[in-house]
Amino acid sequence: MVLDLSDLSKSFAGGAVRVLDGVSLSLAAGEVVALTGESGSGKSTLLHMAAGLEPVDSGAIRFEGRDLVAMTEAERAALRRSAIGIVFQQFNLIPSLNVAANLRFQARLAGREIADFDGLVASLSLQDQLAKYPEDLSGGQQQRVAIGRALAAAPRLLLADEPTGNLDETTGDGVFELLLSLARARNAGLLIATHSERLAAAADRRVHLSHGRITG
Amino acid sequence: MNAKTILTTLFVLCATPLGAQGFAGLGQAAEAYALPDPETRFTFPEDHGAHPEFRIEWWYVTANLTGEDGATYGVQWTLFRNALRPGGAPGDQVWMGHAGLATPQGHLFAERFARGGTGQAGVAPAPFAAWIDEWNMTGPDLNTITLTAQGASFRYDLDLAADRPFVPQGADGYSVKSAEGQASHYYSQPFYQVTGTLTFPDREVRVSGQGWLDREWSSQPLAGDQTGWDWISLHLESGEKLMGFQLRDTKGGTYTTGTWITANGTPEPLGTDALRLDEVATTEIGNRSLPTTWDVTLPAKGLEARITVTYPDSWMGTRIPYWEGPVAVTGSHKGVGYLEMSGY
Amino acid sequence: MNRAALAALLSHWRRRPFQLVTLILGLSLATALWSGVQAINAEARKSYGAAADVLGGGGLAELVRRDGGAISQADFVALRRAGWQVSPVIDGWIRGEAGRVRLLGVDPFTLPEGGSAGALAAGDMTGLLDGALFAHPSTAARLAEATAIDSLAPGIALADLDTAGTLLQTNGFTRLLISDTQPLTRPDLAEIAPDLRIETPETAEDLGRLTDSFHLNLTAFGLLSFAVGLFIVNGAVGLAFEQRRPVFRTLRALGLTAPRLVTFLVLELLLFALLAGILGILLGYLIAATLLPDVAATLRGLYGASVEGQLTLAPAWWLSGLAIACAGTALAAGGGLWRVARMTPLAPARPRAWAMASLNAFRWQLGAAAGCFLIAGAGWGIGGLLGGFTLLGGLLLAAALALPATLAAILSLAARSARAPLSEWFWADTRQQLPGLSLALMALLLALAANIGVGTMVSSFRATFTGWLDQRLVSELYVTLEDEADIPAFTAFMADKSEALLPIWEIEAEVLGAPAEIYGVADHPIYAENWPLLSAHPDTWARMARGEGLLINEQLARREALHPGDTLPLPGGFSMEINGIYSDYGNPIGQVVLPLDVLVARYDGIDRRDFGVLTGDRDLAALRTALIRDYGLPEENLIDQAALKSFSLSIFERTFAVTGALNILTLGVAGLAILTSLLTLAAMRLPQLAPLWALGLTRKDLARIELLRALILAALTFALALPLGLALAWVLLAVINVEAFGWRLPMFLFPGQWLWLFVLSLAAAALAALWPAWQMRRRPPADLIRVFTHER
C-alpha cells in the first residue's frame, strides 16, 4: 500500500468541531480513489493529513509502511519533496517563477532530474507557456502547471484537493482527465477530493465522507 | 518697553512713576544744588548762558506766525538743561531739545538729547549761541538771533529781533511757584519781531509774526504735590503782554500768578489771586481730555478775555509729552499767544 | 451604514495593536526628529536675532572708519551738529570670571529707538548712567559686577559709553549707529567725516549666514530622519491597507462608494496623525532639550554665537509639528489611498504584476536619479555653500533613487547565475519583494551613507586637528598672569626655571571690516620648527624675526582671497606684507600674527597676561609647584600642554556630539523602517510561502531564508552606501567645509569604522528580520493550510 490511514480523528477549536472521526482508508500504487462529500465534511483535512501538513489528533498514517505521524517535521518535508505531489484548488504556483521553473521546481527540490520534461510539457499542452508567469495564465493552464509540478518529481502519491473547484466545467473535465491519465501512466496512487459525483465516477474507487465519517 | 519711555524717566532722574514727585520729577528735593535766591539780580549777558550749579534750566522760544499763504503757524524752540548730579560738571549735564511747528495740516515736532561736555549741545552767552545737534539759536546777542530746527518732515529758519530790554518775571526775576516757596529765576523777552521761512518736504512758506523768549533756571521749581501746569504768554493788540500760569496740585487746588507787561516792557508782577484761568471747554486729544478754551480774567487791568487754541492737535508727543500751541485771544482784549499745558 | 463601516474599518486596529503601535511610533519618531531639530534651529536663530539687535542696533546702518580705527568724539559731534542722527557704540571684550564677555558701550541719549537698550527698564537706565553693567542672567553670572536683566541677549554686557570706555581703556568709538529717522536736510557724509564710511547693518542674517551650514546640517539630518520615519509610516499604512483589502472589498460590495471609503480612511489617518503628531512634538521637545546644550556649546565654540541652553517654544512650532505629522501621513499613505480609491470591488490580487509595475517604476526612478546627479554636478559648478549643499543633496537623492534599480539589476544577475532551484527561487522572489522593501532600503542607504560620510568627516577632522594641536602647542606650560604689572617679576622668577618665555599677547580688532584677533609672536626658533604653514615665503621666519610682514590664518586668507606676498591693511592705518598662511582649525574668525615688537609698538590695550613656557628638559611638575607655591600664581592660571590638548579635544567632541546623536537616531529609525517593511511583507507573503512549505520546505527553512534575504539586502545596501558615504565625506571636507568654515581638511579613511557600521547594519537588518522569521518559524501549520483552503 502507498498510503494507509487508520482510525484518523481530528478536532478543531479545542475539540468543539470534530472534523474527522475514526477514518480509515488505504490506497494502492496506481489506484485512483475519489473522496466525495459536502463542503466541510473533512475532505481537505484528510488530504492535508495524508500530506503530513496537518497534525493528527489520533490514529495512524503510513506512507509505504513508514509512520508519518512519528516523523519529524524535516522528515515529513523531505518525504513531501520526493514522494508526494499535491495539487491544490487554488493552484498555489510560485508567482516569482515562470512556468518552466515552476514545473521543474519540486523535482529539483527533491534533487531529481525530470526524465522527459518535453514529454511532460507536451502532455500538459504547455509548450507555448513556458516563459510566462503564473498570473499571466488562465485558471486551467495554471492547474495544468500545478499538476505538472506535482508529477515532475515522480511522486508515488498524488493528493488533489478539489483541483477543478476553481475552473469551469469544460476546463475542469479536461484537467481532471489529464490528472487521472497522468497518474495512471506513472503508476502513482491518486487520492482526489471532489464534490462532483460525475467526476468521481471516473475513479477506481469512491469514498464518501459525511460529518467526518466514511459513509460509503 | 522702548528707549522712549526709558528716557522719559531717565531725563528727569526719577525711577518712580510720573506725578509722584510733581510733573516730570520737577518736584524732587534739590539736594546739593544751588537754590534760587530772591536777592539775586540778573547780569547780562552772563545770565543768558547756562547755570549748571542749578538742576534745571531752559531756553524757550515761542512764535505766533502768519504765512504768506494766510495761514496761522506756531513755532516752538526749546533747549533744556538737566543736571544728573550736583556739582555742575559738564559731563553731568543732559541736554534736551524740543522743536514744534503748529500748522493747519497738523502738528510737527522733534526732539534731541545730548550728553554734556562733548560739544554736541551747549550754550554760550556772548556772542550768544545755544545749540543741540544742528539746531541753533545764535546771534550776536540774545535780542538779535536766528533760530533753526528741523525734524524728519519740517524745518524752520527764523530771524528774531527785539528792541526792548529783557523782562524779569516775579519779584525782580525771582518767580515763586508754590505756596511753600518753590521758585525759579525767570526772565523773558516778549517783544521779538519774527521773519523767516518754514520748509516742508514739498514747499516753503515765508512767515512773519511775534516771538517770545523765556529763560528760567531752578533746582526744584515745583512743590512735591504739584502735578502739572497751564501756562500762557499773550501778545495783546494793545502792545501789552501777559504771562500767566497756574500750577495744579494733587488735591485739585491751583497756584496762579503771572506778570502784566506794559507796551514799553515794564513788568507788573501779579499777586496770587489777581489772575484767574478758568476752563471753558475741553477737547479729546488722543486718549486725553485737554481744556482748549479758557477764560482769562485780570480785574486789575479790566481784562475779561477768552483764549481759544488754534490747533487742538498741538500735542508734543515727546518723551516727556505735553500740549504746546498757538492761541487766539478775544473779548475785552484781542491778540495771539501761546498756551502750554502739562501733566494731563 | 457609516457608523457600521467605520467600526468595521477601525476594528482592524483592535485586532492588531502592534501595527497601530508601529504606525504611531513611526509617525511620532518622524515628527519628533523633525520638530526637535526645528526647535533647536529656531532657538538658535532667536538668539542670533537678539544678539544682532544689540550688536548692530537692531538692523541699523552704521558708520565706521575706513581704516578700521576708532572714531573720535569730535567726528561724532561734527556729524550730530551737521544734522546726522548717529549714536556712538564702543564694542569690545572684557575678561569675566569664566571667559570673555562682549561689552557694548552705548549712549542712552542718542541711541535710536528699538536698539539694544530697548530691553532695559527705566530704573536700569539710571543705573547705566551710574556706571552699572547689565547682562543676561547667564552672562551676568560670569561677571563680577553685572546686574542680571532677562531681556538682554546672552553673551553680551551692556554699559554706558563712559563706563565701557573706562573698562576697555579707549577714548574713541567703534562705530556710529545711523538712526532710521533723519532730519529734513543734512550735508553729505564726505563733507563732514570723509574718513568714515557707511556699513550696512550687521543683522541676525549675518550671524545666521555664518552658522547656516551648521543649521543646514541639522535640518538635513532632521529631514533625513523625517523621511526615514515616513518610510515606517508607509510600511505600516501599507500593511493595514493590504490586510484590510477583503474588508474594503466587502464594504464596497455592500454599497459603500469608493470616495466615502477613502474619506473614512482619511479620517482614520487624520486621527492617527494628530495623535502621533502630539506624541512626536513632546518627543521632539525632549530631543531638542537634550541636544540644545551641546548645540549651544558648538555654536559658541565655533562661531562665538551666543545661544541659550534653554528652550522656549512658540505656538507656531507646535502647530507646524502637527502639520508636518499630517503632511507626512498624507505623503506616506497617498499611494495606498489612491489604490483604494481605484480598486474595483472584486479586484483579484496580482502580486507579480504589481511587482513588475514597480520594477518599471524603478526605471523611472533611475531617470530621476540621473536628473538629480546632473543637478548635483551643476551645484558643484556653481560653487559656494549653496552649490555645495546642492551637490550633496543631489548626490544623496540620486543614489537613493537609483538604489532599487541597482539592486534589481544585481538580483536578476544573481538569479541568472543561480543553479539550485531554491536559490533561483530565492533571487527571483527577493527581486519581487524589492518594491515593498525599496523605501526602507533607501532609508537604510541614506542613513548609512550619512553615517559613513559624517563619520569620515568628523574622524578626518579629529585626526587633522589632533596632529595640528600636537604641532601648534609648542610650549609645555601656559600661564596667565593676574596683572600685567607682574610681568617683570614673573620674567625674573622664570629666568632660571625655563628655556624661554613666549608671550601670547593679543588684541581684538577689525580687519578688513570683520572682527579678528591680532597676536604677536616672539622671535624664537621653535616656531619655525613647529608651526606648519600652508603656504609661505621661503624666508618667512627670518622676515618675522626682522619684524617684517605677518602671518594670517586660512580662514582670513580664504575669505579675502589673500596670498603670501599680498599686503594686508591693519587697524591703526598701516599695512604689512603677508609672509605666510597657517591652518587654524576650529576658529571662526580671522587671525593675524604680527612680530611681537610690531604688535607692541602699534597697539594700545593689548592683553599681555598670557605666556607660553618652554621648559626644555626641566621638570614640569616642579615648575608648576614652584609657580603656585613660591610665585603665588593661582592654580587655575596654569595649564599644561596635555590639559590644554584634552580641553581642546573635549570642545571638539562636544561640537560633534549632536551630529553623532542624530546619526545614531537616524540609523535606528532606518532599522525600524526595515522592521516595519519586513512585517508588512511577512503578512502579505504567507500565500507565497505556504506552497513552498507544501512542496517540502520546513518552516525553519523558510524562516532561515527570510532572515538571509534581509541580511543580503542589507549587505548589498551597505556595499552601495560605502562609496556614496565616501563621496559625501569628500564633499563635506573639500567643498562644504571650505565654504562654511574657511578651511579644507585632508580626508582619511577609517575601514574599522566601516566594518563596525557594516556589522551594525547587518545587525539592524537581522534584528528587524528576526521577528518576522521567528513568526514564520513558529507559525502554526493551520495558518499555512488556511492559504490552501480559504478564499483569497
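A, B and C label the chains in the order they appear, each numbered from 1.
As a convention for this text, a residue touches a chain if its C-beta (ideal position, glycine included) is under 8 Å from a C-beta of that chain, and two chains touch if they have at least 3 such contacts.
Computed from a predicted model, the values in this text were never measured in an experiment.
Student: Treating touching as the only link between chains, describe the layout with one word: line, ring, star, complete or other.
Tutor: line
Student: Need the most distant chain from chain B, centre defined as the mean of C-alpha atoms.
Tutor: A
Student: For which chain is the distance between its Cα centroid and the global protein Cα centroid smallest?
Tutor: Taking the mean of C-alpha atoms per chain, the most central one is C.
Student: On a C-alpha centroid basis, what's the spacing between chain A and chain C, in Å?
Tutor: 64
Student: Any idea how many Å lie between the Cα centroids of chain B and chain C?
Tutor: Centre-to-centre distance between chain B and chain C: 61 Å.
Student: How many angstrom lie between the centres of chain A and chain B, each centre taken as the mean Cα position?
Tutor: That gives a centre separation of 116 Å.
Student: When you check chain B against every other chain, which residues touch at least two of them?
Tutor: none
Student: Contact residues on chain A for chain C in the complex?
Tutor: 44, 48, 51, 53-55, 73-74, 77-82, 86, 88-90, 92-97, 101, 104-106, 108-110, 133-135, 149, 161
Student: Within the complex, which stretch of chain C touches chain A?
Tutor: 350-353, 355, 420-422, 424-425, 428-429, 431-432, 687-688, 690-701, 781-782, 784-785, 787-789, 792
Student: With touch defined as at the start, can you tell me which chain B residues reach chain C in the complex?
Tutor: Those in contact with chain C are residues 1-10, 13, 15, 84, 91, 94, 110, 113-115, 118-120, 131, 133-134, 150-155, 199, 201.
Student: Any idea which chain C residues touch chain B in the complex?
Tutor: 73-74, 76-77, 80-83, 85, 107-115, 117-123, 125-126, 129, 151, 161-162, 181-186
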